[in-house]
Structure formats: structure tokens, C-alpha cells
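Alright, structures below, take your time with them.
You will see two complexes here that share chain A, one where it goes with chain B and one where it goes with chain C.
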Partner chain A sequence: MNLKVLYGTMKKELMIKYRAYPAHFFVGNTLTGLYTVLGAWMMWKFLFEGNMAQDFSEITGTGDYISYVVVGSLTYLFVVRTCLNVSRSLITELREGTLESLMLAPFKRAEYFLGSMLVQTLTTSAEIIVSLIIAIPFGIDLSRADMGAFLIAFIVSLYAFFGVSMVLGSIMLYTRDTYISQNTLFAFLFLVCGISFPVQYLPEWLRVIAEVIPVTEAVNLIRVTLLSGSGISEQMQSVQYILLLSTAYVVVGFMQMKRCEEIALEKING
Partner chain B sequence: MRPFIKALAAEMIKQHKNYFHSKMIYVSLFVWPFLNFITTYYSFKVFDIGKSKIAYITAENMVVYLLLGYMCMSFFRSLVQSAWNFSFERISGTLELIYLSPVNRAAVLLGNAVSSLFESVFVMLIFSLLVIVMKVEVLIIKILPCITVFFIVTAMAVAWGMFLNSLFLFSRDSDFLFTILEEPMEIFSGVKVPTALFPLWAKAISIIFPLTYAIEAVRRVVLTGSSLYEIREFAVIGIGITVVLFALISVIIKRVESHMRITGNITLF
Partner chain C sequence: MIIAEHLKKTYIVKQGKGLFREKQEIQAVRDISLQIEKGKIVGLLGINGAGKTTTIKMLTTLLSPTEGSYFLDDIDGVKYPVEIKKRINMIAGGERMIYWRLTAYENLWYYGQIYNVSNNVLKERIDTLLKLVGLENKKDVPVETFSKGMKQRLQIARGLINDPQYLFLDEPTIGLDAVVSKELRSHIKHLAKEQNKGILITSHYMGEIEELCDYIYIMNDGVLIKKGTVKELTTETFNRKNYVLRLDKHSKEITECICDKLKVVDATVEVKDENDAIYINSRENISMELSRACMEAGLYIREMYEKEPHLEDAIIRLSREVHHEAVY
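Then we have the complex of A and B:
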């Protein structure tokens, strides 16, 4: 199997990151994790002094808000980074004037997007590790984590995020907009996917929408494997659901992306 | 003075057209603050609100408390975004043209910041209407202090926007400025947790952000009916911050220009 496009894309993406945007690459990525933890901790500690609503522990099965919110937020960080890297890849090529050359080259879409995704996974993983270390003094409790189950949950979740980012990417390429589409999607995902509070708090119709977004179940899966030590065999239903739903997203995303590439090339000069 | 005003007006019109050329701008104006606000509202529901340490945060007026915080933050944030949009001048190559022309640099920066003010005021209006519709009974408003606070907050926000714009002139790798300025602004300015509850180290960070004073003043005039005399401290601090920021801006503009003259390249770095 020739993976030249995959390696080429990875090399290019990494070089762009640390050569053109070094300050953002090193400073930005590390600080984002710190802010996530700090924001939640300050609300919990200073405003409410650790007093949780009674239904929180009934719904989530834990009274440990800090662990709940840190794991949720860091998973969300992964979603955002994947979308930023993978979804924006082609529109960035269009903006930088390299889309035409890319299309002329023997360009394998799957390898190209996977390359972008792998670079993002590497950098975000480093970011998450830093954030988890930062979260320890704030009281995150991972003593019951099942690391084997977590690794499987993590890989399944990456597939889910990849699916979402492919759909978003085609929308970006079609509308030639990244700013509005990405930020609206991020704000919406943060609201409905159970990142900082259980989805049970939401009205019924929003919960229905949340269920058809693979991120919601992925966040749940990562949380149970890390916080309640649930084995992957107990979560098979959840894993299957994510895989099925994400495959639908990937198929739709790839089909749309190909169509949008053609439209983008036709309209390349306006 | 006339060339300054001409440049200011031209930049305002240009940026306004830039932002409002598509109806999508209304998504960022209304949908984002609304989604953020709803999310925060639900995030608060996981806590036992009855046990909050601040007397004016109760289950009844929590919505107003949060709305006021978000209203101020949206006001400032749109100016931070304007600075980010300004960085596109570099990508598009128009920053070079601006610097080749004899235009007053401060007028360009001010025009860019003020054009965002239009949308900020729009957002503020919508949020205010929401507050009034949802909980008019918890509001204790005196008109004169309210208007005074509005004008000082506006001046602070414009100065803050211009200051960020000037920082973005230095390098194209300024995205990290967002990371060190935007998110901490939300955490440390008292949008969710009042700064009065902060420990010393957090208070020390909060005093850097003009938004801290803006939120506190707005909450005081809207939720506790503070008089002009009671907000005099805020007025002095607000005007002081605005003056300091304008002084910094003029220094930065000069330094950027001399830096560019040395490197001779503003498109790439």
C-alpha cells in the first residue's frame, strides 16, 4: 500500500504549523486546556463552593463535577481541533491558491484527509495530556479509568469526529466560509452534546437532535470508560451506535466533498 | 483633522460593507451569543443555585445576572473579532497598500474598531430587550447612571478594540493573542463568577481586563440601582483605562512602522 499522499500531507501540515504559526502552535495549544479546567473550577469552587444540584448526581451517577466537566471539555477540544484541521483543509487550499495544483496532482482524498486528521490527533493529544496534568491539582479523579476501554473509545470517537468534520468541510467549501459555519457548529455542539452538563437538562426536541450527532455518544463513551471504569464489553451497544452513525456522516461527507470540490473549482476566480 | 475624519469614515464604511455583505453576519450577531448564553444557563443548573455566595444570584434573577454578563462580553468580543478580521488585511495584501498611502494609521484602526461598534450596540439592544421581557421586576434602573455607564463602557470597548488591532499589526501569527486575551477575558472578567469572590491571584488578573469594570458597573446600575455618585470610582477607572490604551496605541503604531521599515516585508511576517 502506497501511503505517499498521507505522509506528504502530514509532513506539510506539521511544517505549516510550527514554521508559519509557531506562537499559536506552542502557546495557544497549551493554554486552551488550562482555561477549560480553570473556568469550570472557578464556578464550582468560588461561586457554589462545590454544592451540586441533587439531580446532577442522579443523572450522571457521580457527584464529581470537576472530573465530569474536564473530561467533557477535553473531548470537545478534540472535536473542535479535528473540525478546524480536517474541515478547513480544502478551503484553506482554495484561499492560498493551491487547490488547483492539488487537484491536478494524483490526489487521494481519503489519504489527504487522514493525513490532516493524524497531525491534528498528534498535536491535540499532546495538548490533552498537558491539560490532564494541569487538571490533577484541580481535583480530577481518574483512579477508576479503564485504559484499555478508553483507548478503544478514543479511536471510535476519532472516527465520529472525522465524520462530523467531513460534513462540515463540504459545507465550508460550498459556502466558502469557515468563520460562521465552524463557530455556529461549535457553539451548537457545546450546547447539545452534554459537554458541561447532562443532556437530560435540555428540552426533548434538542435531545432528539443531540442523539443524531455522534459526538454526544462519543463524549458519553469516553466519560464512562475514564470515570466509572466501565469495560468496553459493557459499552458495545454505544460503540456500534457511534460506528454506524459516523459511517453515515463519513459517506455523506465524502460524497458532498467531491461535489463541492467541483463547484469550488468552477467558481475559483469568483 | 479633515484627512483624519475622511480616513476614519472611509475605513468604517469599508469594514461595515465587509461585515454586512452577507446576511450570515446576523448569525454571529444573534445566534452565537444566544447559543452561548443558553449553554451557560444550563451549565449553572448543575449547581445548587440556592447556595450561591452572592446575594443577588438567586434562581429568579440568575437569568438576568447571566444576560448582563453576556451582554457586556458580546460588546467587547465583537471588538476583539474586529481585530481578528483586521489580520485579513495582511493575508489579502491590503495592509501594504494602507501603509504605502499617507493615511493616518490611528484613523484606520479607529475606523475598524468603530465599525464593529455598530454591531455591538445592536447586540446590546437585543440583550437589553431580552432582560426587560424576561425579568423586568428584578431591575432597579436609574436613567442617568445607566447612560453614563453606557458611554464609558463604549469608550473603553473602542479603545480595547483599537489596542488589539494595533497588536495585530505586528505579526500574522497573532492568533495566539486570542488565546491569551479572549478566553481569560471570559473567565476572569466576572461574566459567570463575580470578581468579588475571586482569590487575590485571580483578582490580580481580572484588573487587566477593561471588561471587568464594565460588567461590574452595568450590574450595579441595573440590578442594585446605583447612583452616579456610587459609580464615580468606575467612571474614573473607565476614563483612565481609555486614556492609557490610547497612549499605548500611539506608541505601538510608531513601533510597528519602524519595525516594518527595518524588515521591509509586511506580507509574510
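Then we have the complex of A and C:
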């Protein structure tokens, strides 16, 4: 495995990103982080007046809503960015007229998508770090974070986000739509995956749906490692569940993507 | 050698509007068999949405055929498309297939990576290709600032980045100026004759096809209707001969006199008098009779030749025949 496709795709994506979206794009994305933190803080301060329902602490194991919602929102930001980049990669190639030349090559799909994902992971990580620094004055408490466990949780979560991206990407390529499909999915993920409130508050049937989306468990895993200082050994069940579920998404995503590539190529001149 | 036999491609398309659209089968290619030898340039021409693009997409493995077999140097293209991809490339007309935000060099570098070209070879190959298409001085300029012709030239370099054994050219000179088109044609010949690459080309410029192709396939409505060399196709399509005759004198009586003499040999002969020349159309080779008729009438021949039909005329004729068959 010489990873030429992965390296090449990363370099190409970075160059295109740099030329298409100069520095103010990074500033804009960082501001999204600020607004996320600010929104959570204002909700907590002015809507809840600093008080949380007692069952919130019982369910989440913390009464610190600011830390809960900031970590959830920034993880959600990661989901959105990753899905945007990976899912849109082939439809962007289609729109820019490079899909055929790409598909003519005997390139490895997994390396291509991973390359897209890694570029987004790098840029989004930089944005998230800035957002976390911004969140400190608002009261985010990461003093109990287990960084080793967090790192593993982060990598496992990336795999989960990759799986979701592949499924979304095939839908986008099939429908040739980016806006309706992505925005519907993102709104749905925000509402049911425990981003700003625990899934236990949802009706039973929605909780069942939330459980089969790997993002839900990934957000939980990142939260417990950052906020409760839980070690990875205590979270092995959660890790296994995410890996298993995400693998199903990756397999289905790749199979669908292959079929949707053919349909897209048929439609180009068909 | 590429051997494709009885390739078919059927699309399922949804007709109508709304949620419950009806599915309909469209047969883009109904039956095509062709061969491309290494070192040869093969033309693929079509009449009225013939299925050329779908055929090229099947041969380049972008689409899987619904039926039929396809072998490239004994590799089964239907079963092992990745092995085929390693050995081929395609250049299409227009400004697509390259990244506009990357420079010429970066484009070729990226395609080199996805074709797994070794880095030692890649740098030298990029330099050679950029020189070949005359973009060596623009290699670090983003493609979005390029003219249409420059983008097209870069696409040609992209199509050669993996040093393919077989090359598919879909309207490669569309939008190019005369000088660049001529250079490209010369390079296509060089690739086939000097580098022994098998080439399939489609083009709307019949002069280009005549100049380049060793063999031609003509498609209509998803099937092959004719095949052969330019000479074979024109001769087969035009089974009558055309002569142009210019004499020292010119009159309606002379034309009628020649016509009468020729009718003895071929009763179907047609003689027309236009622009100081006499045009003769006959199913026989009547050059001798024509000379004799002129001598007997005491006429001095200033010019006489058999007019070779062009491929374009053959295509027009075929197109009319196809249309006529469709209507009646």
C-alpha cells in the first residue's frame, strides 16, 4: 500500500481549498464555533437561568450544561464539516467536469475518500481548537479530561463520521442534490443525536432511530472522555458498538457509492 | 488488440413527473463489434445520436455493457475493468477533465498519483508532456486563467500521463484553432505509428478522420451500419463514378453530343453542364469512351479527371439513406 492516492488527494484538496477559500474562510468557520458557544451560553444563562432539571444530571452525570453543550456542538460541527467534504467530493467532481477523468483511473476509492476526510479533519481540528479556547471564558470545564482516551474516542468517531459520509455521499450523487439531502440530514442529526440535550428526552421511537446512527454514540463517547475523565477501558462496549455500526455504514456506503457512480456516469450524456 | 463483440447497453430511465414515474428501457447501443489494433488509428463515426459516446464509455470501462464481450490484449474488460483502466486513457474535447484551480503541473502530478506512476518517472514525464503540448512556460499558472485551446492541450497531456497502450479520443480537436489541430493530428499519428499505440477517435471533422484513420466504423441508432477503410467506404457508398471534363469549347450542343455517345456504353449516364465544366455521372468506368467521344467530335480536352468522393459525401449519403429507410 503506497498511499499515493491518499497523499495526492490530500494535497490536491488542500491546494484547491487554499486557492478557492483564502484565510477569511477559516475565520468564518472559527466564528461559527464562537456562535455555537455563544448560543449555548445564552440559552443556559437566559432561558434556563443557570438551572438545569434534576434528571439532566442523573442522565448525563454532570450538571455542567455549558461543557455538555459546547462539546456536543463542536463534535456536531466536526460531523457537518466531515460529511460536507467527504459526501460532496464526488458530486463536486461531477459538477466540475472531472468525474469521468477520475473514474477512468484505476484509483483506490478508500484512499481517495480518506484523503478528503483527512484534509477536513486537519482544518476542522484547527477551527475546533480555536473554538475551545473561545469557550474557556464561557465556563467550559475540561479539567477532568482523559486526553489519551479522548484521542482514541476521536479516531473511533472519525470512522463513524466517515461511515455516515459515505451513505450521504451516495444519496447526493444519486439525486445530484447537495442542499436538501445534506441540510435535512444535518438538522435530523442535530435534533436526535444528543447534541444539545440527552437522547433520553426523546420519545421512545426516536431514541431507537438515534441508537442506529453512529453519531449518537460517538458524541457520548467524546463527552465522557472529555468531561467525566472516563478511561477508554470503561468505554470498550461503546467503542465496539460504534466500530460495528460504522462498519455497516461504510460497507453499505461503499456499495451504494459504486452503484451511484455508474448511474452518475450514465446520466452525464444520457 | 482490443476486441469488442456484440456490445449492448440498455439504460433504464424514468419518464414523466412526480413520484410515480414510469420506467422505460432505452437501448443506447444495440449491437456493436469492433477491433482496435496496436499502431492503428480507428475512427468511430455516427449518424443521429448513434451511440458513439456510450460505446466509448463501455470501451473505457466507465460503463458496464448490458451484454457482449470486451477483451483488451486478452484481458476480460467486463470482469477486470481495473486492469483495463491501467492500460488506457481518454481525451475528450472541451475544457473538462482537468482541475481549474490547480496549475498545469499540479494537474498532471495529481493524475500521476492516481495512476500510480512512480515519482522518479513522473517528473520527467510531466516535463516531456508539457513541452509536447507547448505549456512548459505556463506550468505554474492556474488552469482557470488558460484559454480554451490551452485547457484542451493540457487535457491531451493528462490523457498521456499513464503512457496508455490504447487511447480513446472523443472529438479531440473541437474548439482548437487550425494550427493546434494540425499539431495534434500530427502527434496522434506519431503516437500510433512511432509509439505503437492503438487509437480510437471520434470526430465531426471528416477531413480529420480521412487524414488519420486506418479503418472506420459507422454507427447509427446503436448498431454498426458500415465499416472499412476510407477508400472502401466511399467506393461502396458511391457505386457510380464522377468525372469532370473541361474543353476548349463550351455549348449545350456539345454536352448533348457527348451524352449521346456515352449512352451507348451506359444508358444510365447523367451529363450536366455547369460553370464551364461538364460533370458526368456513370455506373461504368467510361474514361476511355469519354476521351474518344471528345476526339471524334474534334474537341480539345483541357482537363479531365475522375472525382474521388470524400468521406463526408459518403456520410451524408448514408445519413440520407438511413433517414429515408426510417421514414418509409
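Quick notes
Note that the second predicted complex is superposed on the first by the 265 of 270 C-alpha atoms of A that agree within 3 Å, B and C clash if a C-alpha of one lies under 4 Å from a C-alpha of the other, contacts with A are read in each partner's own complex, and residues count from 1 in each chain.
Note that in this section contacts are C-beta pairs under 8 Å (C-beta built on N, C-alpha and C of every residue); 3 or more make two chains touch, one makes a residue touch a chain.
The model shown is predicted, which means the values in this text are computed figures rather than measured ones.
When both complexes are superposed on chain A, chain B and chain C fit side by side without a clash.
Of the two partner chains, chain C is the only one touched by A:Y7; chain B is not.
After the superposition on chain A, the angle chain B-chain A-chain C between C-alpha centres rounds to 90°, nearest 10. In the superposed pair of complexes, A:E266 makes contact with chain C only, with no contact to chain B.
In the superposition on chain A, no contact is made by A:Y159 with either chain B or chain C. More residues of chain A are in touch with B than with the other of chain B and chain C.
When the shared chain is aligned, chain C comes close enough to touch A:S101, but chain B does not.
Once the two complexes are laid over each other on the shared chain, residue contacts for A:L47 go to chain B alone; chain C is not touched. Once the two complexes are overlaid on the shared chain, A:A20 sits against chain B and chain C alike.
For the pair chain B and chain C, the minimum alpha-carbon spacing after aligning on chain A is 7 Å.
Comparing which residues of chain A touch chain B with which touch chain C, the overlap comprises 20.
Partner chain B is touched in their complex by these residues of chain A: 20-24, 27-28, 31-32, 35, 38-39, 42-44, 46-49, 51-54, 56, 65, 95, 177, 179-180, 183-184, 187-188, 190-191, 196-198, 201-202. Listed in rising order, the residues of chain A touching chain C in the complex are 2, 4-5, 7-9, 11-12, 15-16, 19-20, 96-98, 100-107, 112, 262, 265-266, 269-270.
Within the complex formed with chain A, the residues of chain B that make contact are 22, 24, 27-28, 31-32, 35-36, 38-39, 42-49, 51-54, 57, 91, 171-176, 178-180, 183-184, 186-187, 192-194, 197-199, 202. Partner chain A is touched in their complex by these residues of chain C: 11, 13, 26, 28, 53-54, 57, 60-64, 82-83, 85-86, 88-90, 92, 95-102, 106, 109-116, 142, 158, 162.
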